[in-house]
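Presented below are the structures under discussion, each in the form of structure tokens.
Each of the two complexes below includes chain A, the first together with chain B, the second together with chain C.
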Partner chain A sequence: MQIQYKPKRNLLQTILHSEIMQGMAFTLKQLFAKPITRQYPQEKPEIKLGFRGQHALVRDQETGTSKCVACMRCVTVCPSRCIHIRFHEDEERGCRVVDSYDIEALRCVYCGFCEEVCPVNALVLTEIFEYAAYNRESIFFDQERLLANWDAFADMKGSAINGYINPFWRPRGIPERELTAAKRLDVPDEWTIEGQVVGNLVKRDQ
Partner chain B sequence: MHVLILFIEILILFAIIMLHVAYATYFERKIIGHMQVRMGPMRVGWHGLLQPIADGIKSFFKEDVVPEQADVVTFRAAPIICLTAMLTSLAVIPFAKGWVLANINVGLLFIFAMSSLASYGVILAGWASNSKYTFLGGLRSMAQVISYEVAMGLSLVGVMMLSGTLNLTKIVEAQGGSFGGMYIFPQIIAFFVFFIAMLAETNRVPFDLPEAETELVSGYCTEYSGMRYAIFFMAEYIGMMVMSSIGTICFLGGWNGPFEVTIFPPFWFVVKVYAFMFVFIWIRATLPRYRYDQLMSIGWKVLIPLALGNIVLTGFIKAFTG
Partner chain C sequence: MTRPISKTVNVPVADGDGERYTLKMGPQHPATHGVLRVDLELDGETIIKCSPQVGYLHRGFDKIAENRTYAQSLILTDRLDYIAAMANNVGYCVAVEKLLGISVPLRAKYIRTIVCEMSRIASHLLWLATHALDIGAMTVFLYCFREREVMLDLFEELCGARLTFSYPRIGGVRQDVTRNFIDVLQRFVAEFPTHIGEYETLIDTNRIWLKRTVGIGVLSAAEALELGLTGACLRGSGVDYDIRKHRPYDAYDLVDFEVPLGSDGDIYARYRCRMEELHQSARIIQQCIDQLPPGPIISEDAPDLVMPLQGQRKVEAGSSTYGTGLIRLLEDKGEFPVGDIYVSTEVPKGELGFYFISDGSGRPYRMHVRSPSFIHISALPALAEGSMIADLIANIGTLDVVLGECDR
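Right, the complex of A and B next:
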């Protein structure tokens, strides 16, 4: 790599402080530029697709509780180990039943791996981001709180919640056959592989 | 009766200057904010207009901490010395024709004396706080003021030679009302030296080594809190205003302007002082701090020879043209 140095100042430039003047001209120009400040409580940030905010467990319309099947994938994948699940086996039906589902949101790093790995799309990081509290207990989410969070999010979205699909529920660059049935969602065209910038591994597989 | 009128005049001047100081901080924060593509204070009042008042009330009611190991008497006296010296120099500044508290014949010298005295406040503050940072800040301030006082004094000698007086009112009158009469044109070198020495004298960026918040926490006022800290800041801003006034009087023709503003005679004076203040702030928003040895070498190796050369040059021109 060749380093391009600035040419050395000549005497006239030194006397006239040409470089300082350049800087001064720049700051003067910025004085009339539009400030980029967002006046936060009045002006909310624009929330983009794939925003990762407060945790929620999707409330299943039919059963009225969460969709979680206690597969423990989210617990396994979580890099900060903030998800804790207790479950027992239901002998009669031959399935797992969730006893408790806790997320320590204060430890969470909001990577979104849990919602990506969930086979039944039970977990979601919603678009709600204002949930600061005065004590730790308020930000420790148990199953009830997580379901309530989903209700709050549904209220916020209004009717749009019915067709709501989180981008992380349908991971990009994975063939349809490798996904669980619940994750084979119909997503808008711009989310699919053609319109995306993808890595070499994905390109090779296509 | 005369004393009473003088006293009232002093009170009025004091109140106006304090108001200007308060709003100079607002002016500075707004301009630096916008230069950095931010907004500056926006919350208190419309566009943050009441911010200086809120700051004043806050610092007034804050706890006044005196460090245990400090030299208490000196510690308490230091900010007062700073502020008093700066305020005293306001007495000789002519804001308009006849608008001066003390029209003394050594006005310029008096201002030099007072601005040197203010640096005693800084040095004593540094010494009395009994802390490393304040001590370093105080030492730096001492070195800086000693070296730049010389350059500044010498730069104004040219002005004294041209006008033949130290009386600030007479200096303005010697320049006359015309645009070409301003001493900035015959004394451009002196103005350059004066300007840089002025920045160093008021401890402003790029010569704010006594404060140097990136290395010395807050320099000489590290151990101060509450109102005493605020007093140092008032002194700094009054110092800026005094220096801007000196620049206006000696180089830019004082209260004379393109046309007379009869309802408010100091109009052009205020405009020019605020132009100077704007440049102060503009420089602060742009430049980084000089290194300590660079500061010293600029002062002794560049500014003082330049100022001396300017005196010789002015002397020659004055001798040959009469």
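Right, the complex of A and C next:
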């Protein structure tokens, strides 16, 4: 397809600066339009569900501590290798016990792979994004700090935290049989394969 | 004694009487779109010699990828062309899928086409905004960013990030689209041609814009091909080459769109090409929304995100720990194929190619990125030599380079 140019201006248009006047008229019109600028520090942006922000370990309501089972999947998948877990085996109960769980948030690239592979939804990237600090130590998250991050997030969400499901815990459009028991959460209809959005021209054959 | 130094610009040049001087423009220069340094040899205001110096943003992606699995390397492609990270992600996934012989479900193909074109709109809007700002039309900048914000908000809703998406997955995509996403996008696409008209009102026939762009930075079709240019830079010179059309990937062969071609090969022709591409992108998105089929969003035989080979071994050993999370495996392939492959896709800047040498280990033995910006910046001397220093800014802008992709 050959591109089209606008016709050349004639003498009258040249003298009257018509194209510049048109531009000025458009800008003048915008003067009376509703402003779209957001005055950021006073006016917070609306953060969408599933935003990949500050890390947190979900505080389990029953035990009061993290849900992590030290399966090391997040450590394996992390592309920037910023998660470090130390654990020992509890012979009596036959399970692993987490000794330390550290995230070097300054190395993190916020890809969200860790929360996606976590089989028990222990880890989450919250919607908190303002946590700049003056030293590196305050952005090195150990287990207590990560749990505190979750509490801060829960405070921010208020009562909505009870039904909170991160889209990376239970990815939209993934069949339930692909997920572990803990990830088979009760989600809105449009997150399932049956309720997915289809085009106007497509008839769902059933 | 004077002599003309260029066919296009007939500027008299004084001969060797000590008037020549060198100027290092950048790397901290607002009009170089990142950390580009251009070493200029000047005679008055005329550029005698121009050599772009790159490498200030080198991070060694080719090497880092050798120590990461294919799935992990995806995050590196976010940081190539950070203006259109989604297109890079898709390009990378298309390449790896071809290497592994994975076929992508139709729904995932359509979703990828949508996000690629959204990415093209976001990238072209940023290009138009900064290009116009460099040349002196500041107003356009603000209106372009207004629409770009809508795109970024949609990306945030889709995948939780505004810049480094990591959204596609080898064998599909990570998250399905939501009703709200489709509705907002539908509204945007419907009104976007009006917004393109607004930008055109401001600069399309503006005499200052025309003076700065028409007849500047002219490249003939043969020259553009010789320099290895791709994308709108090549199409502005009238060469019909678009990978979306000629070697279709994803759903591009299922939608109807045109490839805009210029003939003059100057900055204005390239500008018109990109503006027309915005229209075409909106058209593609509209068709994809209408045709979006139901079905799975990720292929059954996509490799496991965590341990592509270990998952296979565990199943063979009869272990029951397999089957947690989003694990899948290559059904009948115990290992990754051995060999090399080059796959290219059309990103907003041009042709982005990934070259892999695979030794069957689950990590690339060698990954090379053929990035359009690197090729384009090497065409800068051909455009700039013999022209005025003020036109260098316009020439850098028209090549649409992103230094993250250039230096990798």
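Details
In the analysis below, the second predicted complex is superposed on the first by the 185 of 206 C-alpha atoms of A that agree within 3 Å, B and C clash if a C-alpha of one lies under 4 Å from a C-alpha of the other, contacts with A are read in each partner's own complex, and residues count from 1 in each chain.
Everything that follows uses one rule, which is that a contact is a pair of C-beta atoms (placed from the backbone, for glycine too) under 8 Å apart; a residue touches a chain by one contact, two chains touch by 3 or more.
Only a predicted model underlies this, so the values are computations on that prediction, with no experimental measurement involved.
Judged by the touch definition given at the top, the superposed model places A:131 against neither chain B nor chain C.
In the superposition on chain A, contact of A:36 is made with both chain B and chain C. In the overlay built on the shared chain, the residue A:28 is in contact with chain B alone; chain C does not reach it.
Contacts of A:113 after superposition: chain C is touched, whereas chain B is not reached.
Touch criterion not met for A:140: it reaches neither chain B nor chain C. Set against each other, chain B and chain C differ in how many residues of chain A they touch, and the higher count belongs to C.
In the overlay built on the shared chain, the residue A:87 is in contact with neither chain B nor chain C. Using the contact criterion defined above for the overlaid structures, shared-chain residue A:183 touches chain C, although it does not reach chain B.
In the superposition on chain A, contact of A:174 is made with chain C only, not with chain B. In the superposition on chain A, chain A positions 20, 23, 26-27, 36 are in contact with chain B in one complex as well as with chain C in the other.
In the complex of the two chains, the chain B residues touching chain A come out as 31, 33-39, 42, 282-283, 285-287. For chain A in complex with chain C, the residues that touch the partner chain are 1-6, 9, 14, 17, 19-20, 22-23, 26-27, 36, 47-52, 71, 73, 76-77, 79-80, 109-113, 116-119, 125, 167-168, 171-175, 178-180, 183, 190-191, 193, 196-202, 204. Contacts from chain C toward chain A in the complex involve residues 68, 71-76, 78, 107, 139, 146, 149, 153, 156-157, 159-161, 164, 166, 174-179, 182, 198, 200-207, 258-263, 269, 272-273, 276, 288-298, 305-307, 323-326, 328.
By the touch criterion stated above, chain A contacts chain B in their complex at residues 20, 23-24, 26-28, 30-37, 39.
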